[in-house]
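What follows is a set of structures to go through.
Shared between the two complexes below is subunit A, which pairs with subunit B and subunit C, respectively.
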Partner chain A sequence: MMRPLSLAPHLNNTGLTGEDELDGGGFNIWGNTFPAGELPPAGGTAVVGEVPFLFPVAGADNVRCRGQRVDVPAGDWDWVHVLGAAERRTEDLVEVHYADGSVRGQWLRMSDFWPQTEPRFGEVLAFRCRHMHYPRHVQRTTSPAIWAQRVPLTVPSGVVALVLPDNPALHVFALTLQAVG
Partner chain B sequence: MTAAQLTFSPCDLPLDGRLVEVGPGRYDWVHLHLSAPVGEAAVWLHYRDAVDPEFLRSLPGTPVARIGVPRRAELLAVELPVLPGVRLLGTALS
Partner chain C sequence: MKASLPGIAHWRHDLGHCLHATAGVLLGFHGADPLDLLGAAWGFDYTAGDMRREEYYFPCGQRSLFASLAPFHDVTSTWHAPSSPEQGWDEVRARVLAGTPVAVAADNYFLPFRPAYQDVHTNHLLVVHGFDEERGTVSVCDPVPPRFLGEIRIEELTAARDSANPVRHSRDMFFTANPIGNRWLDVTVSGHTGPASRERLREIMTANLEGLRGVDDGSSDHRGLPGQERFLREAAARLSGGDASVVDEVFVVAGVALAVTGLHGDYLAAAGRRLGERPLLTLAREVDRIAHHWSAVRIMVATGRDDPATAGRALAGRMTALLADQLATVDRMAAVAAAL
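After this line comes the complex of A and B, so read on.
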């Protein structure tokens, strides 16, 4: 069983723009963005490798990781599936918080959105766009990527929250829990 | 898959930092039957093209630990932690 999570309270970055609003976002410091028209419709469900992700609505559409706490519904969870990309590749710890107050770390590794290479960390390529948006033009020779990564929950019971890394190079578009079994 | 549903291949090895080979393949979990519960230790997953640290933790109240295998890549071996007095009694892959 898969359970997509809403990231709506945490969305703090606009990484997708249309060609008529090229300067309307800024996935990185240079204002580059993904072309929204080449990605799933805003607010829809995108299935990547049998994992359904709630694709974000228009506007702020991803979480630039700054230690946000994402509540987890009750259940026994095996995996956290992560739809995301990084400004340069990065790996950092997600804190997994439990009902008894314990906290366990798990590695989250995410490849760079920019270079047109294979994933560095064995992720699934979720989307490869054909263009990159700059604030004042469309770059038709650059093909940014969004990756589907997964984070194991070594202790599956009693998880109440995930605390994302304090790492602004890491961007998360969607999270989906996978139940044990 | 729960620990009770697993069939462990028996062994008896010290946790002394050794490399334990697995049948090369793509897996979700490496399950370890240990001689005693382990709170937390680092293990290294050796893939064909990469080596990553991951966490080894026993399921609460049991001597069974499970290690997630995040990469969609061929796993070749698990580098065990150094934990004097703890032994590996069986492995299972899923």
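After this line comes the complex of A and C, so read on.
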């Protein structure tokens, strides 16, 4: 069983824009964005491999990681699937918080969104856009990527929250829990 | 008149920038493996205030740029600063005609294959390896995405090289307000003998360790891990106090540290595979993890302009984690080097 999570309370970065609003976001520090028209509809479900991700709604559409705490519903969860990309590849610990107060760290590794850059951590290529948006033009020779990564939950029961790293190079568009079994 | 030099091919490391990409193209032309030369050194050596607003900034001290990039090899470079765009082209043309590609500084705003064309000013570096005066073209190689290997108009390159590189809008960041000045770089490579032997690798690692463990004398020179810690601690303190003026310097210096660390990780991994030494592969992965800290530092600082206090607190925490991991990696490196 897969359970997409809502990241709505945590969305703090706009990484997708339309061609009529090129300067309406800034995935990276240079103001580049992914072309929304080449990605699944805002608010819809995008399936990557066999994992359904709740694709972000328009507006702030991803989490630039700064230690946000994401609540986890009750269940026995085996994996956290992550749709994301980084500004230069990076890795950090996600804190997995349990009902008994214990905390376990699990690595979240994410490759660069930048065109012509291979995945470093064995991620699945979720989306390769044909264009990249700059605040004042559409660059038709650059193809940014969004990756599908996963994080194991070695103790599946009693997870109450995930605390994302304080690493603003790391962006998360969507999280989906996969149940044991 | 025309010239077209063979042996020009793209090379790029994903954590490097235009300096390492350009260096890789030129080293490859000279028959060297770029990773062998660019990845051997690992350290931190920065003098406060030395940062220049150029994408290809690298702290050099008294050495040439390429000698600083590849301090364990016989490589040197010389910057030339022509007095006019005409002289700038004449010098580059003569060098290429003599059979040697060169690096030129250029403002992306004037380069039609760069995404920043007619948009963002910046101080970039790329390779010139041919020209055709009858057609009015120059052959350039730029491995930075979207990589380009082809011809542009000579006057386009001249405009890029002669640019005042002005600040025009908010995205003219970090590498602007520094006129390009038609500068070009002549590189000499001699005596490259291929990948390091086991003994040579031990010497290289030992020298790196010596540098990393250097003593901090409290001066403006930030050397080794003690200097790196002080550099980051001072930056975090300034940011925490609301001083965003440190952003540019830390972003650029962190970019250098990121590139150097990432290259060294891959250098050790290549050596581990070549020599059949699994401990080198494990060590390489640890070095890679240090690089990934620098990815965080770089963006943490760059996004801190509007809220420096928050960035300062985050940087302080990151610095502690980075240093702890790096100290452990240095200890492992010493053990691995000793066992080689």
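Quick note on the criterion: the second predicted complex is superposed on the first by the 179 of 181 C-alpha atoms of A that agree within 3 Å, B and C clash if a C-alpha of one lies under 4 Å from a C-alpha of the other, contacts with A are read in each partner's own complex, and residues count from 1 in each chain.
Here is the rule we go by: contacts are C-beta pairs under 8 Å (C-beta built on N, C-alpha and C of every residue); 3 or more make two chains touch, one makes a residue touch a chain.
Computed from a predicted structure; not experimentally measured.
Taking subunit A as the common reference for superposition, should the pair subunit B and subunit C be classed as clashing or as fitting?
Subunit B/subunit C on subunit A - fit side by side.
On subunit A, which partner touches more residues: subunit B or subunit C?
On the superposition, C touches more of the residues of subunit A.
For A:52, is the partner it touches subunit B (first), subunit C (second), both, or none of the two (neither)?
neither
Contacts for A:180 in the overlay, against subunit B (first) and subunit C (second): which applies, first, second, both or neither?
first
What is the C-alpha-centre angle with subunit A at the apex and subunit B, subunit C at the ends, nearest 10 degrees?
So the angle at the centre of subunit A is 90 degrees.
Kindly classify A:150 by the partners it touches after superposition: subunit B alone (first), subunit C alone (second), both, or neither?
The first partner, subunit B, only.
Would you sort A:168 into first (subunit B), second (subunit C), both or neither based on which partner it touches?
It touches subunit C, and subunit B stays clear.
Output check: A:106 vs subunit B and subunit C. Expected answer is one of first, second, both, neither. What do you get?
first
On the overlay, how many Å separate the closest CA atoms of subunit B and subunit C?
6
So in the complex, the part of subunit A that touches subunit C is made up of which residues?
It is residues 29-31, 64, 66, 86-92, 112, 114-118, 120, 132, 134-137, 139, 141-142, 165-170 of subunit A that touch subunit C.
Along subunit C, where are the residues that touch subunit A in the complex?
That would be residues 14-15, 113, 115, 119-120, 145-147, 171, 173, 258, 289, 292, 295-296, 298-300, 302-303, 314, 317-318 of subunit C.
For the complex, give me every residue of subunit B touching subunit A.
1-2, 28-29, 40, 47, 50, 52-57, 59-60, 65-73
If you look only at subunit A, which of its residues touch subunit B in the complex?
78-79, 104-107, 109, 121-124, 149-155, 157, 180-181
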